[in-house]
Every structure is written in structure tokens, then in C-alpha cells.
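As written, the chains take the letters A, B and C, and residue 1 is the first residue of each chain.
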Amino acid sequence: MTPGVQGFMYPNEVELQWSVLIVLYPYITGLVAGAFILASLSRIFNIAAVKPIYRLSLLTALAFLLVAPLPLQLHLGHPERSFEMYLTPHKTSAMAMFGFVYLWYLLAVLLTEIWLDYRGDIVRLAQSSRAPVKWIYAALTLGSYNVSPASRRIDDRVGWAVTLIGIPSAFLLHGYVGFIFGSVKANPWWSTPLMPIVFLFSAMVSGIAAVLVIYQAITRIRGREADMACLDTVAKYLFYVFIVDFSLEMLDLVHRTYESNESFRALDFMVHTRLFFSQIVLQIYLGTLLPIALLAVTQVVKLRAPVRRVLYSTAASLTLIGILAMRWNVVIGGQLFSKSFLGYTTYKMEFATREGLLPAIALMILPFPILWVLLKLLPPWEEQKAT
Amino acid sequence: MKKILRDSEHLVRLVILAAIFVAVFLIIRKAVVPAGFGKYGHYRAGALDDIRARSISFAGHEACETCHDEQAQKKAQGKHAQVACEACHGPLAAHADDPSTIKAVKPDPATLCMRCHQADSAKPKTFPQVAGDHAGGEPCGACHNPHNPAM
Amino acid sequence: MDLNRRELLVGVGKFIILSGSARAALNGDTQTYNMAEHWWGMTIDVSKCIGCGNCVRACAAENGVPKGYFRTWVERYQVNGGDIEHPQVDSPDGAFNGFPPRGPSNAKSFFVPKLCNHCVDSPCVQACPVGATFDSPDGVVLVDEKYCVGCRYCIQACPYGCRYLHPTKHTADKCSLCYHRITKGLTTACCEACPTGARKLADLKNPADPVHEFLRDNNVQVLKPYMATRAKVYYKDLDGAVR
């Protein structure tokens, strides 16, 4: 008997193909999409309360977006050939569109929006700072030092348009990841039209939670007070989006159980055994129901600011764990059962190999030093902003 | 008009930068995509030639029969008529290309015969199978010639 | 026999030409293979398979298949008491060494050889992001190992589990229907090695190929027809218990 295998698996199915790195990739792009949607609430929907975290959300999105391709590169059998996806993208493949959606989002949306918003500061810093940092700012000005009110008004209008295009672009950036899984007819755990939508809403949840945690952490590091009106609004949106996300996940579950098709028994067994801890305990109880309950308490009961802050950061941290567990359950869960529905295998995650736990942890930490550099280079806060 | 242009000059620079980026990409693409890509479909046409050029290990029974006529005749008259030579003797294209240097190895009947003829309930009922004490310890070759196994 | 010089020269010339073309025929003259004249598939007669594993070993030898990975394999099914929803299936090491013997049993049991189905509407070809796996014009689904990036999307997309990632080449790999052999007039290694004729290469464009009679005269199925892959490996006598 093959070790780790229960029942029968097609011989080539025993070894998992997509590892923890492929769990990380949708998680990271989800944080990007969610943080960006939060930023767009202020810009497009003019929700003034969230203005304080507008710039922070954009920089957080950028820090994570820069790290996003790295788990994929580490996973590829031939990362040196990955450029082929740009050269000869196969138009029938959802994955082929990745490169272009990513580049579009990075260059045409995120970097452009950040540049347009920060241009006043960039020009000021290009003139006032010293070498070598001065050269970075000088390069970012693209040689134009015009920051007259008229030019800044134009920047504002164009930036608004970019944010507007950015919202469907963010949906596309993460929605297509859901489609990559959802369109695989061979895999009944993945194949559902709900997949892109569930991915998108869980992305928004994780992105909002991430900004909530990061904002609170940074204000504490800077020794300042967090803007409570902002925190309350962000937590409120987290709560609403979480309700929608949870409803969608429940819809998928109820639908599967009700229809009870050929795959149901095999999948149900898997969820109750090999996926019990990550799905039932981590994702549903600790990662969804508990944070929703905590947030519901803050919405219904009048609590003092310090108590609200603790509840927000607890709920947001649990959410982040829960959404990571969700990605795990989709990616790894989809490979633990046999397509013959007669058996199960085990994921043997290694530690210090190219696709092991160690690089996964390193990649999850990496966005933070990058964010730190971005915050130093392009400080987001009002008191330092040029008029 | 001039004022608008002056105030949006930085945007023009951005657009030019984007255009340069696209142009560089297109140039790289032209240079790097393999020749023949797209000739028959969305793939490198040279792949078909690469695959066809792979080396062959099994010569095929027709190649064996050009030289080993006697064994072929004997086999054609018995129950093993449809069993190809290399099904028992293993891959021998190297031997067919250079018969004097590379020799075939005679397979061991004990393991070889049992692979097919060991009784198993999943085998077709009409297929000749033996179990346990069929030969009383005697080797298969004591009674059966592998090329024509009739007693 | 008295030969004048002319007859001698003509005779030697004929000999040279004939032996040269005989050599070419034996080596396989690739110049004469026209892709448009062929549409490849395979027929498998389940009632003839004896589970000897010759096909698995022959494929591994012909194609350098790494140990523990399978371009083809054989499954043994046992259906107890007519319960086709819960067959007992095993495939020890893909049947590379055949199957360990079992005692006599009254349950229905049989062997099913499996391989890439070379689907016409192949989900693996659809999924490949770069064009490294493709349908050849003569109906064989192939992998370009010089172009594959190793993303493994095709392996996820295959409903039949016939693909794997080559452990040293780091590219996707699978049955190539011995394309390097069939384009030279030979049959596949698995069909060559099959002692009972359960597996037979089929050329659907060849009117003389026995596949037409096979499809007409027998009850045939493909694996997982609801996946709508238009598989081209046709099974005769495939039981409902087969997954």
C-alpha cells in the first residue's frame, strides 16, 4: 500500500501538484484587491471617514502586489521560461491571462494612481532631499516639475478615472484566480460558477482586515491615536462584506449537500476527516463565525473606543487566518481526494525546499519590509503632505 | 489650449513611457518567439520533429521475423501466435540494428510465464491459468516450448 | 550463368536500390509520413486484458518513464454483490510488476488498462497557458518539453489522471501514443508488448483499420463520457463500475 494513501487513487494523483505556494498566491492577490477596494471607497464613493487610510491602502496593495508573482515563480518547473506567458499566451487558458491582468493592474492602475496622488510630494521631495534618495524622486517626476493647482486638478480628475477603472481591474485580478479553479471541470471541489465570486468576496474581506490590522499597528508604532471614525467605518464595511462572503460560502455548501451528486460523498468524507481542522475549526468557526460575532457586537452594543479597538484587531487577525485557511482548503483540499472518488492522499509539505514551508513563511513576511520602504519613501500622513 | 498642455505635460510623458514599454515588448517578442510557432496551431512546430526524432527501443515483431524466420514460423502455428517477440524478450531495437554486437538475453521462464499465466480471478475465464501445484516443482520449459506452448 | 557487363551493372544497381529502401523501411522513412492521412486513437478490449503489466513495463522502457510515474497503468476492479457504486480497485505501482495473486473469488473482477485518451476536445490543451501541450494535426495530444514552464495546470485539468510532472525534467509528461514510433509505421510499445491483443493502435482515417469494425460490432464506451472530452481510446466491454 502506498504510504499516505487511503483507498484507491489513480497512480499519478498520489503526489500533490500545487503546493502551499499556490495557496499563498490567491491569498496575496486577495489582499491586494481588498486593500484597493477600500482605497476606492474614499476616492469614488467619497466616504470621507476612510480618507485617513487611503494612501496606506494603496501602498499596502503595492507591497503585496510586488510579492505576488514570487510564489508562482518558485513553483514553476521552469521559471526562466515564464516570460512565454507574455510572448505566446494561449487564449483558451485562464492562466494565460494572468501576466497581462497583473501587468495592467500594476502599471496602469496601481502605480499610476499612486503616482498621480503623490506627485505633489514627489516633486517637493525631489527638490528638497539629498542624494541618493533625491535621484529616486527625480526619476519618479518623469522630468516634469509642474505642480501648479491646475495641473494637480488634472491629476485629481485623471486619478479618479484610474480608480474607477481600477475597481473592475481589481475584481479581474482576483476574480480570474477564482476562475482558474472554477473552470476545471475535472475537479468537482473546484468546478462551480460560484468560485470567482467567493474568491472575490473573501479577497475583499481579507484586504479590508489587513488594512485594519496594519493601520492600527502603524499608528501604535508611530505613537499616535488611530482615527476612530475611520476604524469604525472600515470595521463596518468588513462586517457587511463578511456577511455576504459567509452567505456565499453557505450557499455553496447547502447547494452541494442538497444536490448530493456523484462527488458529494467523497468530498463530504474528506471535509470531515482530512480537512476537518483547516475547514471546520480554522476557516468556519475561528475564521468566520467568531470574527462576525465580534464585529456584530461592536455594531449592536455601544462600547468605548479602547474596547472597540481590541475587538477590531482581534476580529481582523482571526479573519486573516480564516481566509488563509479558506485558500488552503480550496487548493490543497482539491487535491486530497481521487478523481475516481475512491480514495484520498496526504499533502507532504516539506520545510526547506523550493516549495516548502520556509519559503512560504518568508514570502508572507516579505511584503512588510517592502511596505516599510514604501512608507519611508512616500509617507502617507496628512501632517507631512505638501499643500 | 497651451495652458492645458503645459499642465498635463507630465501625463504626456507617462503616455510616451508606456508607448516605449509596449514597443520594447513587441520587439522582444518578435526576436524571441521560436520560429514555426503557430504553423499548425498554438505550439512550436519544431516540437513535432523533436518528438519524432526520439530513439526507439522496441524493434517491432516484423523486424525480428526478417532474420528469425524459424522461431516466427513455429510461433505462428501455436497459441502464442499473437504474442509479439519483444513481449517476452524485451526491447531489442539495439539488437536489430547491430545483431552481432548486441545480443538478446534469454528471459527466465519462471518469472516470465507466471506473469501472464498465474491464476487470478480477475483474468478472463477462458484464458489459460495455472495455480499452485500445476507443475509439481518442474520448470515450465520441461513440458512447454515457449514459442509453441502446446504439450 | 553468363552475365554480360550490362546485366551485371543493372543487377548491382537494383540490389543497391532495393537494399537501401529496405534499410529505409526498417529504420522508418519519416519523409513519407503525411500527418493529414492519419487520425490516431486506440481500442482496448477489457475482456482480453490479463493484467500482466507488460504494457506498463514496455512503455517505461520505450519512453524512459521515471519510476513511480505512469504514462499507462492497469487497474484491477472487484465488484462485490453487484455493488457497482463501491468497487474495490487497486493498481499496485501502476501494475508495473503485474498484480499480486489473489485467491479464487466469486465476485466479478476484471482489469482495465488506462492511458492518455488523446481527446479531441482536450481540457489539458485548453488549460495550457503557453502552448506547450497541443493536439497534433493527426490527433495525438503531445507535450513540447522544451517549451513547458511546469505550471501543472494541465495535470489539474485532466479528468483521467494520466499526466504527471517529470521529476528531473520539471515539465509535464504523459503518453505520447509513441508518436516517434507510429509516424514510422510501427505500433506503440504497449500494443507491441500486449500478449493478448487487448490493446490495439487505431488509425481512424485508414479505411482498412480494424477499428471501424471494432466500433461497429461491439458495445464500446469511452471513460467519463460526461466530461465531453471526445476521448479517442475506445473500450469494449467496459463495466459501469469503472471510474
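Rule of thumb we're sticking to: a contact is a pair of C-beta atoms (placed from the backbone, for glycine too) under 8 Å apart; a residue touches a chain by one contact, two chains touch by 3 or more.
What you are looking at is a predicted structure, and each value in this text was computed from that prediction instead of being measured.
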Notebook entry, point to check: Looking at B-C and A-B, which pair shares more C-beta contacts?
Noted result: B-C
Notebook entry, point to check: Looking at CA centres, what chain is most distant from chain C?
Noted result: A
Notebook entry, point to check: Which whole number of Å gives the spacing of the CA centres of chain A and chain B?
Noted result: 44
Notebook entry, point to check: So, what's the distance in Å between the C-alpha centres of chain C and chain B?
Noted result: 8
Note to self: Where in chain C do residues touch two or more of the other chains?
What the structure shows: 131-132, 147
Next item on the list: Identify all positions of chain A at which a residue touches two or more other chains, and write them in rising order.
Entry: 88, 90
Item checked: Contacts with two or more other chains, residues of chain B listed in rising order -> 37, 42
Checklist line | Partner chain A, residues of chain B touching it in the complex | finding: 3-4, 6-11, 13-14, 17-18, 21, 25, 28-29, 32-33, 37, 42
Item checked: Residues of chain B defined as touching chain C within the complex -> 34, 37, 40-44, 47-48, 50-58, 60-61, 63, 66, 80, 82-84, 86-87, 90-91, 96, 115-116, 118-124, 127
Note to self: Which stretch or stretches of chain C touch chain A in the complex?
What the structure shows: 69-70, 73, 75, 87-91, 93-94, 114, 123, 125-132, 147-153, 155-165, 169-172, 227, 243
Next item on the list: Spell out the part of chain C that touches chain B in their complex, as residue ranges.
Entry: 26, 28, 30, 35, 47-54, 58, 61-63, 76-78, 98-99, 101-105, 107, 109-111, 131-137, 142, 144-147, 176, 179-181, 183-184, 186-187, 189, 192-197
Check: If you look only at chain A, which of its residues touch chain C in the complex?
Finding: 8-13, 15, 17-18, 75-79, 81-82, 84-85, 88-90, 92-96, 98, 180, 184-187, 335, 338-342
